[in-house]
Amino acid sequence: MSILIDTTTRVLVMGATGAEGSFWTGHMMAMGTHVIAAVTPGKEGERIGDLPVFHSVRRAIDARGQADAAMLFVPPRFTKDAVFECLDAGIRLIVTAADGIPLHDALQIRAASRERGCMVVGGNTSGIISPGKAMLGMFPYWIERVYKPGTIGVMTRSGSLTNEVTSMVVRAGFGVSTLAGVGGDPVPGMRFAEVLRLFEQDSETEAVVMIGELGGTMEEEVADQLASGAFTKPLVAFIGGRHAPEGKRMGHAGAITSGGTGGARYKMERLRAAGALVAERASQTGTLLAQALHR
Amino acid sequence: MKLHEFQAKALFREYGIPVPRGELAESAEEAGSIAQRIGMPVVIKAQVLRGGRGKAGLVRRAASPAEAIDAARAILASDWKVRRVLVEQALEYERELYLSLSPDPVAGAHLILASAEGGVEIEDMARSAPEKIQRVRVESMRGLMPWQARHIAFSLGLKTETARKVAHIIEQLYALYAGRDAELAEINPLFLLPDGSLVAGDAKVAIDDNALFRHPEFSQDSADFDSDIAREAAAEGIPYLQFDGDISLMCAGAGLTTAVYDLVVDFGGTVANYLEFGGPNYRKSVRAMELCIRNAPKVILIVTFGTIARADVMAEGIVEAIGRLRPACPIVTCIRGTGEDKAHEILRAAGLQPLTDTEEAVRIAVALARQAADREAGETGASHGGRA
Amino acid sequence: MKLHEFQAKALFREYGIPVPRGELAESAEEAGSIAQRIGMPVVIKAQVLRGGRGKAGLVRRAASPAEAIDAARAILASDWKVRRVLVEQALEYERELYLSLSPDPVAGAHLILASAEGGVEIEDMARSAPEKIQRVRVESMRGLMPWQARHIAFSLGLKTETARKVAHIIEQLYALYAGRDAELAEINPLFLLPDGSLVAGDAKVAIDDNALFRHPEFSQDSADFDSDIAREAAAEGIPYLQFDGDISLMCAGAGLTTAVYDLVVDFGGTVANYLEFGGPNYRKSVRAMELCIRNAPKVILIVTFGTIARADVMAEGIVEAIGRLRPACPIVTCIRGTGEDKAHEILRAAGLQPLTDTEEAVRIAVALARQAADREAGETGASHGGRA
Amino acid sequence: MSILIDTTTRVLVMGATGAEGSFWTGHMMAMGTHVIAAVTPGKEGERIGDLPVFHSVRRAIDARGQADAAMLFVPPRFTKDAVFECLDAGIRLIVTAADGIPLHDALQIRAASRERGCMVVGGNTSGIISPGKAMLGMFPYWIERVYKPGTIGVMTRSGSLTNEVTSMVVRAGFGVSTLAGVGGDPVPGMRFAEVLRLFEQDSETEAVVMIGELGGTMEEEVADQLASGAFTKPLVAFIGGRHAPEGKRMGHAGAITSGGTGGARYKMERLRAAGALVAERASQTGTLLAQALHR
């Protein structure tokens, strides 16, 4: 099976009664995702299509059985509470789309998920998708053009840029096993290194594309992983922000450097030294992938 | 949101962290009379958010009110656009320490860094003498335990009474950092005075923008923006960065905009501004273009590849913006994603060429900017000689 | 430290938990004028810490100020020694709910209990209809999460708007409980009024004595003691309980004193007071005996088996106390532990018999008390007939 | 070996520089306890006899090697912090003598020690002793009279009463394998049931004496353990407070009942029904023990 999700993953959606939440919940289901319940306090008894709504995660699980994963369309200031509601209910994979989670909340989310061995993907992410199987998040419905099923694992900090890069991957004749958006925040719940560990073990993934950018240390951690031999498949990396001026936040909250570390160039050097194929420009991704897989 | 030194020191006072006597001045004369009141010597410090003010000569010592006036005048007249100076008593100290609190994203914790040798950049010390830095990780759910503050303070090799005071300051700095959702709280240097007391020489505090809703006491000060346009963009919720080049980026998606910025520079162009109108702002084409035009760019480069940010809606907005704002410069569009076929129809109908390849779009924009520059150079009679 | 209802309700107000309009009265007349001000009908409630005031007729409804005066007079005149009454608007309600917070010692957590059927003792409901009680455990390091308050509120089968209000009250009750180191915070009943609003009908809050140093706002009210002796003992830090029997226990160690209490009752005696002068108080023999004597006991029974509380020091203190206080009743001593040989010498020298077996000491004390009672009965001419 | 401690247990003492702390630390060492360091902030460099003092637990361990156990002579209001300092340093057995730990602190101590699988004994306890081997706490130095080495495990909520009862055990010809004082607080860090689990596994313990009292549910938990067959050795119980009036706190903070549960009589009935030998009076303990062990 693919990493993180597949057709059997039992999914609960929080915030599915809002306009955006209900649109994407419908789309998730249309793509084959096995959504078992929606949770919105005060709306128990209502339905979204066939989907029953419950007051709380615990009530949803009591009625519908345990959920494997949760998709959160919940505003940033309520995200910490929603994540803990899911963690406390024993849900082991949580994806949160919220853009703007307070930093200290994000740190607590990260700490709690690590402590319990659970995975929280995001915030500020489009989510995760295993094309042809399941989706937790908001990926295009013109999906076949950029998210064709295949054997390339993709992990990314971006949204639009991922559409751009992945379309290159598809144009080069490849498809995607799973795409995991770890999000653009300075404190993502799940880090590249953790996704990569799953890709390493995934028999359906032949190679991985990482779409990184300046700021933080996630790409450096991946370089360490490669250097230590913990990841053995080909890795193609694209790192945005090569020319970003120091001290400026480039859009994503996490895309900022100071004091010389965390720069895109530094990351690229570390990755190259560790054996990754590093694209200077997004357009090179497909070529490098073909080269890596000897096609 | 970075706080100015004087704002951070006001917070320090609130949390019982000792700071030097000092007041804020907006003119040289005011600085002089504050100096008089406080007593000599004083330090006059530019209140700016950029780093490196010391090296730029924007922190000056004065031994008399007259010197204070001169120093303040020089600082206020610098090209750093300094609006205010902090006039503070200049302290004689025995030693400079370092203390900070910042997030540890991997552990989901907070990190206390401390050193008995402050006054230098902690990044430099981390490279040159990491053994001089004490580190303690604070669990984010549990918060700082008193023993952690004591352990770090007593591990700095200070006298017992000094160590106790440092432990107390660590607890107070943590209270500030946690209570105000800071992403950084730093005291560098923390002066140890000859009488054994401790005083914060400088104060760096940055509040998490995403948590400002919990802290209505903070408001973005107009002086904190690079430009008026940046301030207006912030008010609108549009991510914006001011540069001084030729090409206005009007893109959707932070990662994509950053990648386009890289390509512009790769291909020899310069950026007038970074602007994102994706995400929740994808219906704000008119407002976005208005902000871009204010920079008098040589080209507006529009690149999108949206999922929720619908291409057709953005295209409609762009056409409307062009109609209303009649920009003087050419516009390059590379709009893809949800609804792109319709978007391309809309653009074509308005006489725009809908590109679909990002690199091609950037190359065209750079070429157009160069033509415009050459044209201007020709008009003004100046020559750009070497440029191809 | 148990709070009176009016004190607990003042805390509720501080935390935004709605309570009925009400004021405290110390006389029947005052109660009447408060009733007038609040408007009819009112409830007059004795402010006492003992349970069962309802059954004892110490909570009365009044439909007029005159009735309020009568009710207050009756309550203040009862043998419960009521000093104050709370005069409160009497509310018409649709439903009574239950909410409480208390510790869960096994899990090291806090426990929220809630029921849509309040107004009864929760212990009774836990036995008779446990399914009507919702329980949520709150991790003590993390504190209450908003989802927990919502989950419990929405699981009570209430209307959405009511459930939201209950969730809010749970959050506020937790804030009070955690913020004030409470060992209990209970609202029973929580009235649901016809207009959909919620109001705390009663309020039970007990503050952890061991955490009072963090809450200087609470002070033990003199009315809260069983007796003046109990108040003085508390001021001295001496554990003391007032009873109305014959034998004053002056022992060291809580467990041992409790065991001696059991033996006294087993052997047919009655206890005048429970008093511990062990632990940090083992040098306070004189003060301890002084308090015992105030009960005019028929016997003072001293049993100790101390480790830190040295037997010889206690023996010396006892001899000194006897010399200074010259108690009218016999004293039975059974002092063992650290320094007991020396202690026994000291006691013998003072003419006391140093016993070493607890049961023997208790039997002797009970016998002596009985002799004294018989003697008194003989003196007053009354007969205790059946007693052996 | 005995439960919890023996001669090899490496012990660190916090608060050993105070008058009481230094007295009992000396006594602990005189009895064979292997004390490796003392911790008092601000006193590093000093010594208590031969024992070096350190500013913090971590500094002590860095200098002297890992400690197995810690004895805390720390005032109640600082106990939580001291316990966490020990837990964070990986110390797995902590005894705290403090009488008057705030309830909410005690709950957090209990939660943290459970979460980490560590044991915190107390507060409000004399501590633990394995006569002839080691002691963490404050037990009489005229010890041979009431704490003779032997095969009876003792667990108790009391101090003086324990001297009383244990002297009965010794008078009846038995000795003590380990005595564990769980303390008189309403939220003890370690509960009877947890001590009993260790006694069950201890080859040196033939039978157990439990000195309980009214209040709480610790004795009921032991009854459950007996009833379920989880404890298979003879158990003699003495429960104080048979005649205690309801709603009165009998000395110990934990010795109070309300609403009918937690009464001494109820506990005695539960224990008898589960197979324990229950003494009505302390003086019966020795006889019941002899009866249980067929001597």
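Read from first to last, the chains carry the letters A, B, C and D; within each, the first residue is number 1.
The working rule: a residue touches a chain if its C-beta (ideal position, glycine included) is under 8 Å from a C-beta of that chain, and two chains touch if they have at least 3 such contacts.
What you see is a predicted model, and the numbers here were worked out from it, not measured in a lab.
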item: Interface with more contacting C-beta pairs, comparing A-C to A-B; value: A-B
item: Mean-CA-position distance for subunit C and subunit A (Å); value: 57
item: Interchain centroid distance [CA atoms averaged], subunit B/subunit C, Å; value: 59
item: Inter-centroid spacing, subunit B versus subunit A (mean Cα positions, whole Å); value: 28
item: Whole-Å gap separating subunit A and subunit D, where each centre is the average of the chain's CA atoms; value: 50
item: Where subunit C touches two or more other chains at once, by residue number; value: 141
item: Per-residue overlap in subunit D, given as positions that touch at least 2 other chains; value: none
item: Category of the chain touch graph - line, ring, star, complete, other; value: other
item: Pairs of chains satisfying the touch condition; value: A-B, A-C, B-C, B-D, C-D
item: Contacting residues of subunit C [partner subunit D, same complex]; value: 50-51, 103-110, 121, 123, 139-141, 178, 181, 183, 208-211, 213-214, 239, 241, 243, 251-259, 261-263, 265-266, 274, 276, 278-279, 304-309, 336-338, 357-359
item: Contact footprint of subunit B on subunit A as seen in their complex; value: 20, 76-77, 99-114, 126, 138-142, 156-164, 167, 184, 186-188, 191, 211, 213-214, 216-217, 221, 238, 240-245, 247-253, 255, 258-261, 264, 280-283
item: Complex contact set, residues of subunit C against subunit A; value: 145-147, 150-151, 154-155, 160, 163-164
item: Residues of subunit D defined as touching subunit B within the complex; value: 41-42, 44, 55-59, 78, 81-82, 84-85, 88
item: Complex contact set, residues of subunit C against subunit B; value: 141-142
